[in-house]
Amino acid sequence: MSILSQALWITALGMGLVFAALILLAGLMSLMTRMFRERVPSPVSTDSTHPSPDRERGEKARAAAIAVAVALAEQEQVTARPITPPQPIIVGAWQLGMRTRQMTQKGEMKRRG
Amino acid sequence: MNLPEWLSTIFGGPTFTWAHALMLLIGGALIYLAVAKEYEPVLLLPIGFGCILANLGMSAYAEESFMRVIYKAGIETELFPLLVFIGVGAMIDFRPLLAQPSLALLGAAGQFGIFGTLLLAAALGFPLNEAASIGVIGAIDGPTAIFVTTKLAPHLLGPIAVAAYSYMSLVPIIQPPIMRLLTTRRERQIRMDYAPRPVSRVTAVAFPIVVTVIISLIAPSAAPLIAALMLGNLLREAGVVDRLSKAAQNEIINIATLFLGLAIGATMTADKFLYDPASGIQWQTLMVLGLGLLAFVVDTITGLLFGKFMALVTGGKVNPLIGACGISAFPMAGRLSAKMALEEDPDNFILMHAMGANTAGQLGSVIAGGVLLAVVAGMM
Amino acid sequence: MNLPEWLSTIFGGPTFTWAHALMLLIGGALIYLAVAKEYEPVLLLPIGFGCILANLGMSAYAEESFMRVIYKAGIETELFPLLVFIGVGAMIDFRPLLAQPSLALLGAAGQFGIFGTLLLAAALGFPLNEAASIGVIGAIDGPTAIFVTTKLAPHLLGPIAVAAYSYMSLVPIIQPPIMRLLTTRRERQIRMDYAPRPVSRVTAVAFPIVVTVIISLIAPSAAPLIAALMLGNLLREAGVVDRLSKAAQNEIINIATLFLGLAIGATMTADKFLYDPASGIQWQTLMVLGLGLLAFVVDTITGLLFGKFMALVTGGKVNPLIGACGISAFPMAGRLSAKMALEEDPDNFILMHAMGANTAGQLGSVIAGGVLLAVVAGMM
Amino acid sequence: MSILSQALWITALGMGLVFAALILLAGLMSLMTRMFRERVPSPVSTDSTHPSPDRERGEKARAAAIAVAVALAEQEQVTARPITPPQPIIVGAWQLGMRTRQMTQKGEMKRRG
Amino acid sequence: MNLPEWLSTIFGGPTFTWAHALMLLIGGALIYLAVAKEYEPVLLLPIGFGCILANLGMSAYAEESFMRVIYKAGIETELFPLLVFIGVGAMIDFRPLLAQPSLALLGAAGQFGIFGTLLLAAALGFPLNEAASIGVIGAIDGPTAIFVTTKLAPHLLGPIAVAAYSYMSLVPIIQPPIMRLLTTRRERQIRMDYAPRPVSRVTAVAFPIVVTVIISLIAPSAAPLIAALMLGNLLREAGVVDRLSKAAQNEIINIATLFLGLAIGATMTADKFLYDPASGIQWQTLMVLGLGLLAFVVDTITGLLFGKFMALVTGGKVNPLIGACGISAFPMAGRLSAKMALEEDPDNFILMHAMGANTAGQLGSVIAGGVLLAVVAGMM
Amino acid sequence: MSILSQALWITALGMGLVFAALILLAGLMSLMTRMFRERVPSPVSTDSTHPSPDRERGEKARAAAIAVAVALAEQEQVTARPITPPQPIIVGAWQLGMRTRQMTQKGEMKRRG
């Protein structure tokens, strides 16, 4: 085999495997989020994409929070330091509720530790 | 021993040629980019300083050099990139991706630059191992590039690491023109529904374990990289090992980053990087840098095209801009996409989708690196 | 190379059998215990993750595995358990013991489980080195168990470390029934005089040095362990090397703990832990876990009995409950005894006595580990 | 020698040595606390076990403090983390006085360091 | 194996002689100096403890000793002193020197003790390598002394490191009488103009790079030391790698210091330090300590004389007291000079000048160490 | 060559090289401070050694600040810890102005990092 046809084979198989792996992961992620739901009923229902009035208000609040997050993210970009992604900001409004329990727990540890 | 002999022993040090002097300038330029332009300073500054040391007799190849001790301890064993990944994993939140699993596909599309560049490099006459190492710059992920290059073509570590980290910093400069060129204004204005699935703590904890198992079985060569990244993420999400998670995000990553950079820089000797008295000017260095840039561009293009494809398939529910985050370059690429969407329409918030695609790109890069190692090693 | 060969090279990875799959579940179970039950999470989580890696081709025995690099650097050299001990020493306050030296005897009584279990294991047919390694689970002290096992029977590191750390977490579940069974309500209500001798700073600083010298002379095999523990304590009590004391309590112990756990987990390959194609199912793993539990129970019993003996001899001035803290398992055992006394009588505060006995147990465990090493190595 | 009689010898000698070592240490500890006394006269006299009225009051205060310590210790047990024993709590009331000098010193360092 | 044999195996440990007992006392004395007198506690305490361990069978020379593992990892590779220097560099501010470059000369004058002592030691019959190692105590800089001694005469590491660090602590006791003897009250009252040049950020960043290049070319043997010191300083002054700068000033230096001290102490075995059964009492230890003290005194004297010379040349614009800071012993010597000037005249503030001379002394010590290595190695 | 004459040669060459190196560094430092000036005109002019009245007031303020620094430095000496030189104090009054920009920058990082 010439080096170029080797390279072509590598490309074909390589991209194939990469796509296969990520499609598999996507399926597993989908499965996992369905399987392991938070027991506490989440206030945000997951299947409705047509927001109710109530829902919409929350949506807007969240949007506003994200706007702030983006603004902050932009500021950060000036001194882009990818090694310390400001996760708390990215997490933003949406996960705030979900993670409260966990963070409270962590907070306690920090106070103690 | 008589005096003349003694004096010649003392002053007859290692030769210092114009090539060494030029390398000192290159090291200085890297430090300049780090300090004045803040291009990935935590890596380019140590690389630049290591480059200076390498050309003052303290290279990773010099016997009795302390840089060699560090190189052997952390690069040859591959520990440093893995330690960095433990820290990176402890800093990444995969929830945006877990909440929107279909974004994972973008993380695959953004890796085409790796293979496209490998093809071109092979066509240009590089042997397969070098071509693959050059291609892996297209992972746009430092530790992956270093890990793969250490196994396939360690003599190219210097230019490849420099390219990987410099281009990572250049995301806000390189990507926007391509993004504007390949997408219409209308596409950039597409708003994305914001209805993520809730991600339970069980999912967040199970995710790194599942990914480690699946990827290690599919692509064993990627196993150490993915294991390190996911170990860090597990420490983060477990919520019960705060001490270890903090150690990963601080002590471990800081120390590993410093010495990783120094050791990489210490491979940039004049003869490997610039001019080898035996074989003349090392044009390959320039070609590595050029091909690496190309890999970056191709990654961005294929990512965007796949984004457009997803927009088409979903009937306009996906903003193609997030395709550009599939390249990795976490988290700059994600932020940039969100910012560009905002510029077209100040009410268009796609940050969560962009970060999902960006973390998918991080996974995709590691997987692609492992796959590359496997298929190329199998071919050689 | 032709295509079929190439594909078989790539996909013909390490064999993955049902035994490996089962080991992944075991690793997952350890992580579950760490995350959901918070059983010693800083150790069981890394051990669990290391176990998963070990069965995906990254074991401590695999050539070119990064886990092997870590294993060789920190377990074979015995550095990791010693580094952990430097940190533990910097966190222990020996003043409750110094103020009530007679409690030291309880730290000896609580080690009988080590030797009792060795006897039983030898009777069951284990060779001496394995029997001793199983017995040392009765030290109820992770680093001691790992240190001794590394020297005597490194192939048993996995189950022994898992047992040592799991049972340490189970103190509040395993000990109370034994304590209620062996002591009368009246004994548990014994109040202890609270008249400790004042402990001067000179004593606190001299103590770790004196202990290091004495124990190193009596039991040279225990010397490294006791030296590490006492070095940490000296850094703490010196009061003038705050930087080093903090480094010991944070950076050093955190990093060492993470990699200790990973490396231990990386020894838990399917063939060593579960099923060896050559020799069949590894029943010894279950026996190690069972005998280890027995060692724990015997420790608690002899500790309590010695506590009752001291109560008798002193004419009822010693509450036998503190005998149960002599096993080590610092500091849970100490807290548990104090709590049980409080449950019987809400005014009965024996925490200081319990902590004294518990630190004596920590010393006793290390000494017993060293003695065991010496006498068994001498016998083999 | 059979393996079992070897094991018996090991047990006998082992437990003997462990007891011997800890008895020796107990003696040395006793000696050290006697030899190196704090020069500042400790307010708590060490030999009286029959508390004076004044003494008793201190005793009760200390007992109360320990009760708090135990309560806290119990709480901690929920997330038992033996690698970070909350020493300051264990040290409790009793050593508070004794160690004040030393801690002040340490505190100063922290502020400076 | 029969019982008597077994017992003799267990109890026939390493011989413990009066010389070992005396070494334990010496180790204890070092710890006493560290704890009670606060003489460089972060180093003398670990050295003292290491010395105790060395004479309990855990020396750097004992097979299977964990101290040997540490010694080989950090002293033989020379990493520990270099890591300490990275941290020291990150803590030094060279601006007072940059603002007053002429003070650099004082940093050269303060190194004469090194060579003067080498001369005397050679005259006393020490071979060149030992004489040079003894002389380097006159660098009054621990890492430099350890680095040079490791290369030239590693068997003298113990006494030389102890001397280097003890005398560093004794600056406020040893220097004042010499300073009063050699300077007149009038000289000590000289006020110095306070007109430093402004130091831009560019200068502060370029300085460590320029120094690394220049010194590595002039004295390649000093290159690793100067490179480590300047790397730390670059991390500090860059202002964009705060994480790395903090890691250098905390994790890296703390861990390296602790293990450096332990490993140095672990070389202080009775036979090397006190009494070798083969060759008798090791008088050389006392001579090393004595000659080291002399080196210190000579450094101070020549520094002061050069200060007086500069006072003369500048027509009384230089206070000769700052000559005493050229010895290094950073930053105590600088503070002491400023304090002595204040004692003579409560309005005489020369702290900035003293710190400039003191940092020059730090540079001068490292350079002198490197030059010494080169010239002595060339001669042997 | 006798060992002593070797030692003499070493001393001569050694001290010569040390002086040469430091003289060279002094020259380079002088050059660098001249070449790379802060663009913002420094309020303290560098060439006047004869203080103007205004200048003198600043001088006194600085002197006072240094006095405080020395006093603090002296205090520190009691527990001399050379490995952690209290740089912020040594830097003192004089560089305070110059480094403000840089420190602000660093401060921001700390808040974010």
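For reference, chains read A, B, C, D, E and F in written order, and residue numbers begin at 1 within each chain.
FYI, contacts are C-beta pairs under 8 Å (C-beta built on N, C-alpha and C of every residue); 3 or more make two chains touch, one makes a residue touch a chain.
Computed from a predicted model, the values in this text were never measured in an experiment.
Asks: Supply the minimal count of touching-chain steps required to go from subunit B to subunit E.
Replies: 1
Asks: So which chain is farthest from subunit F, going by the mean of the CA atoms in each chain?
Replies: If we average the C-alpha coordinates per chain, C ends up farthest from subunit F.
Asks: Same residues or different residues where subunit C meets subunit E? The copies count as same if more than half of the interface numbers are shared.
Replies: The interface is built from different residue numbers on each side, given that under half of them are used by both copies.
Asks: Of all chains present, which has the mean Cα position farthest from that of subunit E?
Replies: A
Asks: Taking the mean of the CA coordinates per chain, how far is subunit A from subunit C in Å?
Replies: So the centre of subunit A lies 39 Å away from the centre of subunit C.
Asks: Measuring from the mean C-alpha position of subunit C to the mean C-alpha position of subunit D, what distance in angstrom results?
Replies: Centres of subunit C and subunit D (C-alpha means) sit 21 Å apart.
Asks: Please compute the C-alpha centroid of subunit A, do the same for subunit D, then give the distance between them in whole Å.
Replies: Once rounded, the distance between the two centres reads 49 Å.
Asks: Considering subunit B alone, which of its residues make contact with at least two other chains?
Replies: 1, 6, 10, 38, 41-42, 239-240, 243, 251, 257, 375, 379
Asks: For subunit D, write out the residues touching at least two other chains, lowest number first.
Replies: Within subunit D, residues 9, 13, 76, 79, 81, 83-84, 109, 113 contact more than one other chain.
Asks: Quick check: in the complex, which residue numbers of subunit C touch subunit D?
Replies: Result: residues 38, 40-42, 87-88, 91-93, 95-99, 101-102, 104-105, 107-108, 111-112, 114-116, 118-119, 122-123, 127-128, 131-132, 168-169, 171-172, 193-203, 206-207, 210-211, 214-215, 218-219, 239, 242-243, 253, 257, 329-332, 334-336, 338-339, 342, 347, 349, 351-352, 355, 360, 363-364, 367-368, 371-372, 375-376, 379 of subunit C touch subunit D.
Asks: Residues of subunit E touching subunit B in their complex?
Replies: These residues of subunit E touch subunit B: 77-79, 82, 205, 209, 212-213, 216-217, 220, 223-224, 227, 231, 234-235, 238-241, 243-244, 246-248, 251-252, 374-375, 377-379.
Asks: Using the touch definition from the top, list the residues of subunit B that touch subunit E in their complex.
Replies: Subunit B residues touching subunit E: 1, 6-7, 9-10, 13-14, 16, 24, 28, 31, 34-35, 38, 41-42, 45-46, 49, 52-53, 56-58, 65-66, 69-70, 250-251, 254-255, 257-258, 262.
Asks: For subunit A, which residues count as touching subunit B in their complex?
Replies: 3-4, 6-11, 13-15, 17-30, 32-38, 42, 44, 46, 48-49, 59, 62-63, 66-67, 69-70, 73-74, 76-85, 87, 90-92, 94-95, 98, 101-102, 105-106, 109-110, 113
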